[in-house]
Structures are given as C-alpha cells and as structure tokens.
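Shared between the two complexes below is chain A, which pairs with chain B and chain C, respectively.
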Partner chain A sequence: MTNSWTDIRNTDLVVIMGGNAAEAHPCGFKWVTEAKANRGAKLVVVDPRFTRSAAVADYYAPIRQGTDIAFLNGVINYCIQNNKVQWDYVKAFTNAAYIVKEGFAYKDGLFTGYDETKRDYDRSTWDYVIGEDGFAVVDPTFENPRCVWNLLKEHVSIYTPEMVSRITGTPKDKFLKVCEMIAECSSPTKTMTSMYALGWTQHSKGSQNIRTMAMLQLILGNIGVRGGGMNALRGHSNIQGLTDIGLMSNLIPGYMNIPTEREKDFTTYMSTRGFKPLRPNQMSYWQNYRKFFVSFMKQMWGPAATKENDWAYAYLPKLDVPSYDVLRAFELMHQGKMNVYFCQGFNPLQAFPNKAKLAESLAKLKLLVIMDPLQTETARFWENHGVYNQADPSTIQTEVIQLPTTCFAEDEGSLVNSGRWLQWHWAAGSPPGTAKTDVWIMSQIHLRLKELYRKEGGAFPDPILNLNWSYKDPHEPSPAELAKEMNGSALTDVFDPNDPTKKVLEAGKQLAGFAALRDDGTTACGNWIYSGSFTEAGNMMARRDNSDPDDTGAYPKWTWAWPANRRILYNRASCDIDGKPWDPTRKLIEWDGSKWAGYDVPDIAPTAKPQDVGPFIMNPEGVSRLFARGMMREGPFPVHYEPFESPVANVIAPKIKGNPVARVFKDDLAQFAETASPEFPYPATSYRLTEHFHYWTKNNHVNAVLQPEFFVELSEELAKEKGIANGGWVRVWSKRGSVFAKAMVTKRIRPMTVDGKTVHVIGIPIHWGFIGAAKKGFGANVLTPYVGDANIETPEYKAFLVNIEPSTGPVA
Partner chain B sequence: MFPPIPNPPVTPTPPKFGEADLIRRSASSVPQPAQHLTEVAKLIDVSKCIGCKACQAACLEWNQLHEEIGINVGSYTNPPDLTENTFTLMRFTEWVNPETDNLEWLIRKDGCMHCADPGCLKACPSPGAIVQYSNGIVDFVHENCIGCGYCIKGCPFNIPRISKVDHTAYKCTLCSDRVAVGQGPACQKACPTQAIVFGTKEEMKGWADGRIKDLKSRGYANAGLYDPPGVGGTHVMYVLQHADKPSIYAGLPDNPRISPIVETWKGVTKYVGLAVMGFAAAAGFVHYLVAGPNKVTEEDEENAERLTEGTAPPPADPAQPQGHA
Partner chain C sequence: MNMELSRRAFLRVSGAGIAGTSLGAMGFGDVEEAQAAAIKPFRLVNTTETRNTCTYCSVACGIIIYSKGDLKKGEKADIVHIEGDSDHPTNRGTLCPKGAALLDIVKAKTRLTEPMVRRAGSDTFEPISWDEAMDKIARAMKADRDANFVAANKDGTPVNRWTTTGFLAASATTNETAWCTYKVVRSTGMLVFDNQARV
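Coming up: the complex of A and B.
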C-alpha cells in the first residue's frame, strides 16, 4: 500500500477492482464503512461476479476476467477526452512533459523492438531524449507530439466506451457510470482509493493491471494524498514482510537485487546502479544503493566482508536466469533437474497451478522437507485419497520429512501488514507436541551444515563458515536479536564526513534510521527499509499508542511503518508545487517557508525546496512515470492482452495469444486450450471465500461448518442450458484436469456479451483439498494453467477455460 | 464509528442483573422488580453487513457449541437453517430490485429478536423455562424446559430449536452472561464493520436514525428501522434498505404477531388456563418421552411430575403487571 488501512477512511471514492475486500479482508474493510459513514464516500465494485463487496457497494459493474487493462485504459481515455485531469499535479509531478526517443512506436498490440522467438523486446527506444546537459528533455507546454502526454493520449484513444464494452463485456452505460464517478476525483479536493489484490496480480499481465490503475491515479492527482493511493491488500498476514525481506529468488532485503551471472564483480554490479538524476536537483534516493548494500553485507558476514574482498560480493549467489520462481522450480523438478525441495510454510500442491504437473514433479524429487504447523496436501502428495488424490505410493520414491513448526500465535515477532506497519506480537500459547520455531529449525540446519563444512571442507565453504552468527543462543536466535539486525547498528565509532572530529554514532549502538548508513563498512544493516524499527529507544514495532492528532488516520505512534515511520508514501505530492496542501481539510504535510512538517514524516528531504525537488524521490526523474521507460517487460504503456486461455481472440490484436512476453514452458503450451475453444467454452476464475483462509482453516471445525463443501458458481442461464440443478453435482474440467463440485446456481453471475458473443463465467473457490476437517474436495488448481505474469511470475489463476456438465458426483 | 464497548476488568465483577430483575416467567408469576433496568438492544444494520459470518463463528465459540459439518446445498447460508447449536445464522437472499433491475444481495443475520412481548414465553407451559428480564432479554432456562416445542409455535420469527440430545429448546441468549458483566454480545464484539452494535434501546434507535438518513441519501427511499410493534417492539432490531418489504430479507415477517391461539390461551381465566397448561405440558412431556432417547435431569422429572399431578407453582396473577408489553 502507498497509504494505510486506517487512511482509507479519508477517501471520497473507493474502487474495488481486482479484489474483493469485503470477502477477503473483512477486518480491513471496516475502513471502507468508516469512509462511507464519515465522508459519505461512495463504493464502486467492478468484478466478474457480484461479490460480498458488491453487496455493500453503491455501484456495481460486471467485467470479464482478464480485461481490466482495456477497462482502465478506457477510463483514462474518458478522463482525457472530458478534461477530467488534475492538470497542476500532472504537469508538476509526472513525466507527461518528457520527450520520448524517436523510433519508439506502438502498432497492432506491440511496441518497437519485439522479437517473437525470444518472446522479448529490444527496449532501447523505450526511453527519454537526453539533452546535452545530461538531463531528460522536457516540453512543459505539451506541444511536442513526442511528449509522453501526447503519446499516452494517442495510445489510449482506441479504448472508446464501445471498444471497452466489446472487450470487457461491461455494458456501455455501466462503464460510463463508473467513468463519471471516477472522473469526479480529478478535483484536488476529491480523492479516490484503489483497493486491489490477487484479482489483479494473478494474471499473465498482473503487473500491468496494477500499473494502469496507478497511471489513472496519477492523472487524477491521487497519489501521496490522504484517502488516495494504490492499495495492495496483501493476502497473508506477513506477505508484505516476505517481499520486504527479499524472500524471492532474485532479491536481497530492501528490494535490492541478487547479482546475475554477468555481474561478476562488485564494480560491474554497481555500474548499472548509479541512479544518476535525470533532472536537476532531484534526490534519486537509490543513489544510496551502495550504502544499503555494503551495510547488508556487513550484517551478513561481519568481519569477513571487507573493502578488499568487495564486501564478500563473491559469497552471494549469481543468477543464470532472471529468477528461480516457483513455476521454474517445479518445471526443473519436472525435468528431473531439481532433486531436493525445502517447503517452509507453503502448500504448493494446493497453491500452484496444474496440480497434476506438480504431483508428477514432487514424485521425481529425492527429498522433500516440509516445515509447517499443519498437515498439508503437499506433505501427503504420495498418499492415495481416491479421486481427490490418485497417487500410487508404490511408484513414488521421494523421501518426505515433516518438521512440525509453531504457528504465529505460539511465537513472538513482527508481522508486516498491507500498510507497511511492522506490528510486534507476543506468544499467546505454547506449541503442541514436538513443534519447534522455524528459527530453531533453520539454526539447527545451519549449525550442522557449518560443522560438516568445517570437518569435510567443500567447493566453497566460506559463505557458510563466515556467516555472522553472534547470537546469545546460537541454537535459537531470539526474535529481538534478529529484529535488531534488521534495524542495523554502528560497527565502529562513526564520524561526520564533513567534520571528522565530530562523532555521530557510537560503536555498538542501534541506528536511528537508514540515513545513518555508510558504504565504508562502519555500519551494518540487515534490511535498510526496516532501519528505525528497533533503535536505542527500543522496539518501535511494539508501540501501542493509538493517539491520532486531529484525526488524520495516521496513528504515528502505533507500531512502526517502513520507511522511516512514514504512513503515506510520496506524501510531498499532497501539496502543490509551492508546498501548500491541495486540500487544506486533508493536510498531511506542508512547506512552512523553510522546511516540510505536518502529521506524517515528510517523504522528502526536510529542507528540499518545493519548486526544486520532485516528490517521487526514488525515481531519478523526481516525478512519477506515465511512461514506464524499459521497466516493464510488456512496454511503457499498458496494452490489453487476452488471458492465455480466452473465449475470444484479442479484438485489438487478433494474432497475439496471451501476453506476448510472458514466459511459457514448452510442455505447458501444449496444455493450453485454443482461443474460443468449443471444447472448453467457459472462462473460469478462482477465488477465496470469507469463511476460509487459503488451505489452513479447512483444518478448523468452525470454519468447516460455515463453508463445508467445495462448490462452483454459475449463472441461472447456463444452469438451465446445461440442465444443472442448484445444489446438485457437476463435473468441471479443463485441459489439465477434472473436478467434481456442488453447483451454486446464482443471479450474482450473469452472462456477458463479449465481441458479440454470449460468455458464461464460472466461479471456482479454492479452499478444499484432501486433508482437514471440511469435506474432502478438489483444489481449483487441478484446473488452472501453468503460466505466470511476465514481470514477476505470479500464476494466471484468475482466467482460464473450462467445460461443465451435470454429474452424479465423485465415485469414492 | 460507534463508540466501542471497553474491555471488561480482569477482576471478576458481580452480575449487573439476575433473578431479581425478572419481569416475566413462563407459566408462573414473578414479583414486580424494585427497579426497571434500562432496556438494551442489538442493532443489526443489514446495509453494512458483508456476510462474513464472524458473528456466527463467535456465537459458536462463546457458547461452546458444536455444529455439524454439513453439505453444500447451493447457498452461502450454512447450515441451511437455525439449529439447537446455531443460534444465529447469516441468511443470504439474491433479490432483483424491480424498480432498478439491479441485483441486491441481502444478507440478514437471523436469530432471536428478544421481543418485548415474547410469544415463546407466552406459549411456554413450563414454569420458569422462559424468563424475561427488565432490560428486555428473553432467556431460556434449560433445567425448567420440558422440550414440548410450544415456544417454537409461539414465536412469530420461528427461532427456537429443540436439541436432539437433551430435548430442550435453544436460541440466542443475547449473551445474557456477557451483558450481565457489562459486555455486548459475542456477535457484536466480532463484527468487523460494526454492522452489529449494542447499547441501550434508545441509543440504538438514535444510531439507526443516522444510518437511515445515510441510506436515504444513497437512494434507498424506503430505508428504515425494523422494530415491529406487533410484538411490542424488539430488543434486536434491523436497519433495512427496504423497510417497506421486510419479507424480501429471507422471510422476515412483514408484521409479526403472536399467534391468536397463544393469545387466546393467555386470555382465559387463570384456572382454566392452568388446567389447559397443565394438560399441554403433560402432553408435551409424554411426547418428548416418546420422541427419542432422553437424558432428563432430576429437576426436569420433578417439574414434569409436579405438572402432571397438578401441583404446579402458583399461577400468574393477571392482576399483576407483567412488564410493559
């Protein structure tokens, strides 16, 4: 989230699209009801189904899954055509005036530089014209036809209301009504918040779905302001923490990158990370990358990381592919190239697409280690559960070791919520049986490996032998010790670089924040964005002061928010170019003539003059990007692409199937249904229900009572056509698998007209499996396709093709 | 935001109401309480409800109820009906508004309404099995229940259910145990959107006014409060988007009244009434002996025997005021 849950109460319009907050985030949804109560805010829901969120919405519009970009490009087009743009914001705080290189163009669904065999682009033309002064060339008058604004205007012009309706299935009048409601928020005193979740991420172009809305929010001037923002509702209580800490194959903590194979030494690695400002006076905060990186290496390897050995750069793994995401990992398993798999707090057999492929892959492993507080389907993938899991244990040689862990309520630590708040929690109970904390288990593995390396040596034992492991109890570092490392500390006395006699930090003391980090090895910090969370003043994450001066919704003393306890990112953009709030009733910070101050921690240097320094301090431009340069694999502007399995061809680019740059493994391509396949005529979408949390709560009796049995949802019209009775059995199958489910025949799904054709959507909740208290059932991922988003590889669970027929149910 | 009810003190506190605050007791009389407690009410705002079922889960957990895991019958309403373990149930109705042709998903939390004029209590032949406190809570006293099921017949909302295990009637208690120590009901505590709020009946009416004003401003011209006069008003009230058509909310009665049979029964002279009640109770008792395996407490036996032998406790004196219905 750019903002916080509590800030949602400051909004005038809530748009829930690409998510279902009432269903999946019922506790956070209270802030929507607060906005409605306090500000008379309106709620708009755009979703293929009439959801629980829609049940309390002021306006609902249906949309075919996988067509959000067409819809949102259409809204952008509407705003431009009807002059519903917050011009002062767009001119001052976006790259609308930047001139784009000659050669960059868009035609028939593709940008300049596409290579079909590589499924990738040469992105060299996707950039600004750089002037002789080394800065990007801009035209504040917007007269240059090559400026971003004019290119954007042209790019979205094809998404007329008629075209949007033809692609998305949203009736034109409903689309226009949503446009009108959104366009009102182009006023500087009206804001809209975007609440989205997996309904946008789980597409082969998920990142672009989100980006399109971010662009719309910029055009409306809604980023950095109270009640505005792009608010990603995270699906697990600590999934925000997972990404912050860099638990991805291509990241290290604080959104820094694991080096690639080509980056053989530290100098090469840093050569592309200069982050030189693209406009005068800009902060381009990533210029401090070296400080964050060196401090991280010092935290990891302590004295073994020296200037002479490039801060132990050689210890870091080097990627030979862009990422070892889960889809790639299972593909490698499937090819027999990955033999050992540690599965920690993860149930991939349920959670990842194409269950048959996953089961085959797990059966090829030599060793599978499961760390989980619960029994999981993955741990029991080899067990035969009849139609629900048709495994033959006699043919499976995989050794499975289950290590029972504690759950969050049996351990202390911090959970990072969607609003970037690090909230410390304490153990509420003792773990059952032989369950151990994840920290204890990982420590044992580390200590034993270290001992083996010490005794037997190995190809490269240094990173393991030299790992900084200075904990009071090496067998179980405490959560507080680990949290202190994240915050960072001074390794030696640190002096002011401008005045070497002035000591600014004392050796051994916790850092007050990331501004204190150095690139000379005198500071250590496990995760720069968490610096400030555990200082000499104590554990900031454990704060429980719910005071909120002037009811701004900031709650600045409640726990701690990264970065720097800032509650709203880019908050300098809440003020105009002179530093005065756009909306004085929703003041966040302001420029008092000499410095920035207010309710939130300013997201800018406190003395940065408002006319000089832009609010988007992480960007070398200092402004936000309507044109993404080469940072998105699909292109600088979002384009509508159909899902890989679609009931219609792409209206704007009929030759393109799916996302042209999404990675597809060869065997999986053969398992996609044809476009408009008569064999698989119905687009399906998978989702969560309030009554359950992923695959956990089916182990809990009460949750199982509230939603006992697997079902699929379909319209009354399709049910009639197929002779399917409400509450009766159906069989649903895709090109990858088949499930039996109870039928929920509902008015909440209605047939849509897409490109002149009637389309029936089928809804498939995900929560059932062959383990737990609830009735045995099938996971939705028996059916889903094995393909991910082109930028981050989140699988396309939200749009695929199936067929359906009435059935007598599974035969046990 | 409605001001939240603060957490209770850790030290035990004496209950805020009890036997001395009864204003009605089934098939028997109670002395008029020295003071009348402030009436409480739970307000359920259907327009703010997201159907998350946190209330249903909280009810099961607070009351330590064990509901069976059922099957899917083509609805989000699970289990499909109230049971002796499910005191409260989210009922989901898909309704197409004929005026706008828009679908509305109406989600109503069903359960005991705690009527000011409780049909269950009036129909109950067993002395002290159903009681009403001066704060408005209608409670079942299981040791006095003979399982005849007359409370179900008497209830205009079809709420109580007879347990197949102990053959006594169950329903929502408005968490009388929690209210007695200054807390709101468990369902209210669990509700994430404050669709359920709890306080004095006057406060709740005032809160409802604000909500109705908001709904009217959003185009719900017929938004209103459901506090039906036919049962003397209720201590569980609804804010409805379409208060002119309560029945679209999964059959919420448009104008609930106590069955005329129950009213007639209550209207006859005390002696005839007693005789009828004694007979009815006896019939009920025989019925439940026959109906299935029984686990009856000694007290049940005694009560039943007293009833069948015509030695019931002193009957209600019609001259004595019975609350304020």
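Coming up: the complex of A and C.
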C-alpha cells in the first residue's frame, strides 16, 4: 500500500477491481464503509463475480477475468478524450513531457525489439532522448509528437468503449458509467483509491495490471494524497515483511539485488547502480545504494567484510538466471536437479499450480524438511488418500523430516501490515509438546553446519564460518537482538566528513535512521528501510499510542511504518508545485516557505524547495513514469494480452498467445489448452471465501463447520444447459487434472458476451485438501496452469480453461 | 511491555473490586455481598493479557490473548481466550470469521507437537529426537553442498552458488525470524530461495 487501511476513510471513490476486500479483508473493508457513511464516498466494483464487495457497491460492472488492462487502458483513453486529467499534477509530477528515443514504436501487440525465440525484447529504444547536458530532454508544451503524453494518447486510442466491451465482456453502458465515476476524480479536490489483491497479481501479466491502474491514478493526480494511492491488499500477515527482508532468490533486504554472474566484481556491480539524476536538482535517492549495501554486508559478515575484499562481495551467490522462484524450483525438482528442499510454514503442494507435477517433483527429492505449526499436505505428499492424493508410498524414496514450530501466539516479534506498519507482538502461550521457534531451528542449522565445516572443511566454507553470529545465546537469538541488527548500529565512532573533530555517531549505538548509513564500513544495517525501527530511544514497533491529531487517519505514534515512520508514500505530491495542498481540507504536509511539515513525515528532504525537487525521490527523474522505460519486460506501456488459456483469440493481436514474454517451460506448454478450445470451453477463476484462510483454517473446527465442503460456482444458465443441479455433484477438469465438487448454482455469475460469443465463467474456491478438520476435497491447483507473470512469476490462477459435467461424485 | 494499563485492564481491576465500591459505604453492603456471591466469577479474571496480531491477512488486526499463567514470570501459559483489541486503530476490536476463531487454530488437533521422520519407502511418520533430526539435516545439507556447490562458472568467474538445495520461506513468521532465516540461508550460497508473496 502507498497509503494505509485507516487512510481509506479519506477517499471519495473506492475502486475494488482485482480484489474482494469485503470478504478477503473484512476488518480493513470497514474503512470503505466509514468513507461511504461519513464522506459520501462511492464504491465501484469490477469483477467477474457479483461478490459481497459488489453487493454493497454503488455500482457494479462485470468483467471477464484476464482483461483488466483492456478495461483500464479504455478508462485512460476516456479520460484523455474527455479532458478528465489533473493537468497540473501530470505536468509537474509525471514524465509526460519527456521525449522518447527515435526507433521506439508499437505495432500489432508488440513493441520494438521483440525476439520470438528468446521470448524477450531488446529494450534499447525504450528510453528518453538524453541531451548534451546529460539530462533527459523534455517538452513542457507537449507539442513534440515523440513526448510521452502523445505516445500514450496514441497507444490507448484503440481501446474505445466498443473495443473494451468486445474484449472484456463488460456491457458498453456499464463501462462508460464506471469511466464517468472515475473521471470525476481528476479534480484536485476529489480522490480515488485503488484496492486490489490477487485478482490482479495472479495473471501472466499481473504486474502490468497494477501498473495500468497506477498510470490512471497519476493522470488523475491521486498518488501521494490522503484517500488516494495504489493499495495492494497483501495476503498473509507478514508477506510484506518477508519481501522487505528479501527472502527471495534475487533480493537483498530493502529491495537491493543479488548480483548476476555478469557482475563479476563489486565495481561492475556498482557501475549500473549510480542512479545519476536524469533531471537537474533531483534527489534520486538510490544514489545511496552503496551505503545501504556496504552496511548490509557489514551486518552479515562483520569484520570479514573489508574494503580490501570489496566488503566480501565473493560471499554472495551470483545468479545465472533471472530468479530461482518456486515455479523454477519445482521445474528443477521435476528434472531431478534438486536434492534437498525446506518448507518453512508453507504448503506448496496446495499453493502452486498443477498439483500432479508438484507431487512428482517432491518424489524426486532425497530430503524434504518441513517446519510448520500444523500438519500439511506437502509433508504427507507420499501418503495415499484415494482420489484426493493418489500415491504409493513404497515407490517414493524421499525422506521427510517434519519439525513442529511455534505459532503466532507463542512467538514474539514484528509483522508488517499492508500499510507498512511494523507492529511488534508478544508471546502469550507455551508451545505444544516440544515445538520450537523457527529462530531456534535456523540457529541449529547454522551452528551444526558451521561445526561440520570447521571440523571437516569443504566447499567454500568462509561465508558460513564468518557469518556474524554474536548473540547472547547463539542457540536462540532474541527477537530484540535480531530487530536491532536490522535497524543498524555504528561499528566505530563516526565523524562528520566536513568536520573531522565532530563526532556524529558513537560506537555501538543504534542508528536513528538510514540517513546515518555510511559506505566506509563504519555502520552496519541489516535492512536499510527498517532503520529507525529500533533506536537508542527503544523499540518503536512496540509503541501503542493511538492518538491521531486532527483525525487524519495517520496514527503517527502507533507502532512504526517504513520508511522513516512515513504513513503515506510520495506525500510531497499531495501539494502543488508551490508546496500548497491540492485539497486544503485534506492537508498532509505543506511547504511553509523554509521547510516541509505537517501530519506525516515528509517524503522529501525537509528543506528541498518545491519548485526544484520532484516528489518521486526514488526515481532519477524525480517524477513518476507514465512511460516505464525498460523496467517492465512487456514494454513501457501496458498492452492487452489474453490469458495463456483463453476462450477467444486476442482481438488486438490475434497471433499472440498469452503474454509474449512470460517464461514457459517446455513440458508445461504442452499442457495448455488451445485458444477457444471446444474441449475446454469455460474460463475458470479461483477465489477465496471469507470463512477460510488459504489451507490453514481447514485445520480449525469452527471454520471447517462454517464452510465444510469443496464446491464450484456456476451460473443458472450454464447449470441449465448442462443439467447440473444446485448442490449436486459435478466433475470439473482441465488439461492438467480433474476434480469432483458440489455445484453452487448462483445468480452471482452471469454469462457474458465476448467478441460476439457467449462465455460462461466458473468460480473455484481454493481451501480444501486431504488434511484437517474439514471434509476432504480437491485444491483448485489440480486444475491451474504452470505459468507465471513475466516480471515476477506469480502463477496465473485467475484465468484458465476447464470443462464441467454432472457427476455422481468421487468413488472412495 | 506485555500490556499497558489500558481501559480494559482498568475495567477488570475495578470489576474485581466491586465489594469495595462506594455502594458499600452507603449501607447496601449486605445486598452487595449477597449479589456478589451469586455471580459466577468472570472467566477472564486472573488471566494474563498479551497484545498480539491476527496471524491471517495483512489487515493485521490487533488482538488480546488471555492466558492462564504468565510467560514473563517464567510460568507455563495456557491460552484460554482471544478477542479483538478495541484500542487498535485499524480493527477497533472487530474480527472476521477467521480471526474470531483464532483460539481453535492455536489449539487445533492437527498442531504438530514432536519431530517426526518419514523414511524412504515408508507409509508412516515415526518419532525422531530434535538432536538427531537437526544432525541429519545439517549432514544432508553439507553432503549436497560439497557435492554440488558451483565455485566458478564456465568463464572462470567466481559465482559461489548452490542450486540443488532450496528453501521456501514462510509468510506469517516475524521479521526477526525472517532476518535470522535470511542470514542462515544466504550464507550457504543458496539461490533457490523464495517466499509466499505470490500466492
């Protein structure tokens, strides 16, 4: 989230598209209700199903899953054609005026530089014209036909209301009504918020779904303001934190990158990370990358990371592929290229696509280690559960070690909510049996591995032997010790570079924030964006002062938000070019003639003059990007691509199947249904129920009683056509597997007309398996395709093809 | 800082001291005592209150956990009740159908209590000691790492990577657990490393 849950109360229009907050985030959704009741805000829901969010909406429009970009490009086109643009914002705070290089072009669904064999682009033309002064060339008059605004205008012009309706199945009048409601928020005193979740991410072009809405929000001037923003409703309680801390193949905490093997030394690595400003006076805050990186390396390896050894650069593994994400991991496992796999509180046999492939892959491991508070299907993948999990244990050689861990109620530490608040919590109960904390288990792994390497030697033991592990009890570091490491501290006395007699930091003291970090090895910091969370003043994340001056919704003293306790990102953009709030009734910060101040921590240097320094301080431009340069794999502007399994060909580019740059493994390609396949005529979408959380709550008696049994949802029209009775058994199958389910025949899904063809959508909730208190059932992942988003590999769970027939149910 | 003296704690303290209220001073002492004797003691009296966060979604509703026994005093603590934290700015004490049933996930019959191993070809889990389990894991990691660690690529560039062992990290553990996990995993050169951000 750029904003926070409690800030939603400040909005005028809530657009829920790609999510279903009323059911999936009910206690956060109350802030939508507050905005409606107290501000007269409106709620628009765009979804293939008439969800409970739709049930309380002021306006609902149906959409075929996987066509959000066509819809949103259509809204952008509408805003441009009808002059519903917040011009002062667009001119001052976006790259609309920047001139794009000659050679960049778009035709028939593809941009310049496509290589079909590599499924990738040469992105060299996707950039600005750079002038002799080294800065990007701009045309503030927007007269140059090559400026971003004119290219965008042309790019979205094909997404007319007729075209949008033809692709998305949204009736034209409903689409136009949504456009009208959104376009009103181009006023500087009207704000819209976007609330989205997996309904946008779980597509082969999920990143571009989100980007398209972000572009629309910039055109309307809704980023950085109260009641605005791009608000990702994260799923799990600390998935934001695990991502912040970089528990991914290619990340270093604080959104830095693990080097690739092309970056053979530290100098090469840093050569592309200069982040020189692209316009005069801009902060381009990533210019401090070296400080964040060196401080991270010092926290990891302490005295073993020195200037002479490039801060132990050799200790970091170097990537040969963009990422070893879960989809690649199981593909490697399937090829017999992996031997040991750990699952920490994760049940991939239920969570990832194509269950049959996952089970085959796990059976090729030598050792599977499970750390979990609960029984999982993954831990028991080898166990025979009839139709729900067919297995012959005698043929499966994988050894499985299952370790019981504590749960939230027995553990202490911080979790990051969707609004980036780090909230500390305390342990309340004793663990069951001999269950241990994950920290204890990880410490045992480290200490025992270190001891083996110390005694026996072996492959490159240095990073293990030298890992900084200076805890009071090395067998179980305390949460406070670990939190302090992430915040960072001074390793020696640190002096002012301009005045060597002036001591600015004392050795051993906690840092007050990331501004104190150095690139000379005198500071250590595990995660620069968390710097300020555990200072000499104590644990900021433990704060529980719920005061909220002038009821802005910021709650600045409640726990701590990254970065720097800032509650709304890009908040400098809440003011005009002179530093005055766009909407004085929703002031956030303000320029008082000498500094920025207000209700929130300014997202800009406090003395940065408003006319000089742009609000998007992480970008070298200082402004936001309507044109993404080479940063998205599909191209600088979003294009409508069909899902890999689609009931119709792509109307705007009929030759392109799916996303042209998404990674597809060879064997998986053979398991995709043909476009408009008569064998699999129905587009299906997975979804979640308010009574369940993923595959956890089926272990909970109460939730199992509330929603005991696997079902699929279909329209009355399709049920009639197929002879399916409400509550009766059906069989649903895709090219990858087959499930039995009870049929829920509803009015919540209606047939749609797509490109002249009637399309019936089938909804499939995800919560069942063969373990727990609920009835045994099938996971939706038995059916779903093994392909991810082109930029970040989120599986395409929301759009795939199936067939359905009445059935007598599973034979036990 | 287990729990500040909140409005709730204040109510509990004052509720428990009902016999000492001003009503007693007004001559209604006998009636008060009789009534007090007839009332079943509030079940959360003498429990320890602890602030925590709902384990499910990222709304991160504040919760209060009530336990018999106090971990801070070194006692064994048995969780008996969980409710929404009405002082929390986001949820204001409310919980959804998942959060309202948190007690039953803490106490689920399918909670794991002891380390177990399923041996190759076996159709069942059997107990294993923590010590043996951790030694087996460390030994398997070392054997795989020593056999498959890639120190340099074909061009001779040092790459120091290990891709035959992988780690799938959690989504509901604390930041502190995450950081500890990051340190241990990365120090081995492991690259097959991911979390649940996508699902």
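Note that the second predicted complex is superposed on the first by the 812 of 812 C-alpha atoms of A that agree within 3 Å, B and C clash if a C-alpha of one lies under 4 Å from a C-alpha of the other, contacts with A are read in each partner's own complex, and residues count from 1 in each chain.
Rule of thumb we're sticking to: a residue touches a chain if its C-beta (ideal position, glycine included) is under 8 Å from a C-beta of that chain, and two chains touch if they have at least 3 such contacts.
All values derive from a computational prediction rather than experimental measurement.
Looking at the shared chain after the overlay, A:Pro477 reaches chain C, while chain B stays out of its contact range. Put chain B and chain C next to each other and count what each touches on chain A; the higher total goes to C. Shared-chain residue A:Asn726: touches chain B; no touch with chain C. In the superposition on chain A, A:Thr690 contacts both chain B and chain C.
In the superposed model, A:Trp421 makes contact with chain C only, not with chain B. In the superposed pair of complexes, A:Ala54 makes contact with chain B only, with no contact to chain C.
When the two structures are aligned on the shared chain, A:Ala773 is found in touch with chain B and with chain C. With both structures placed on the common chain, the touch criterion links A:Ala743 to chain B but leaves chain C unconnected.
With both structures placed on the common chain, the touch criterion links A:Leu706 to chain B and to chain C. Touch criterion met: A:Lys30 reaches chain B and chain C at once. Residues 26-27, 30, 690-691, 701-703, 706, 773 of chain A are contacted both by chain B in one complex and by chain C in the other.
In the complex of the two chains, the chain B residues touching chain A come out as 1, 47-54, 56-57, 60-61, 66-76, 78-79, 94, 96, 102-107, 192-195, 214, 217-218. Across the interface of their complex, chain B is touched by residues 22-23, 26-27, 29-30, 33-34, 36-37, 40, 50, 52-56, 58, 60, 690-691, 701-711, 725-728, 742-748, 773-775 of chain A.
Those residues of chain C whose C-beta lies close enough to touch chain A in the complex are 1-2, 4, 48, 50-62, 65-67, 69, 71, 76-79, 82, 87-92, 94-102, 104-106, 108-123, 125, 128, 130, 133-142, 144-146, 148-149, 151, 153, 157-199.
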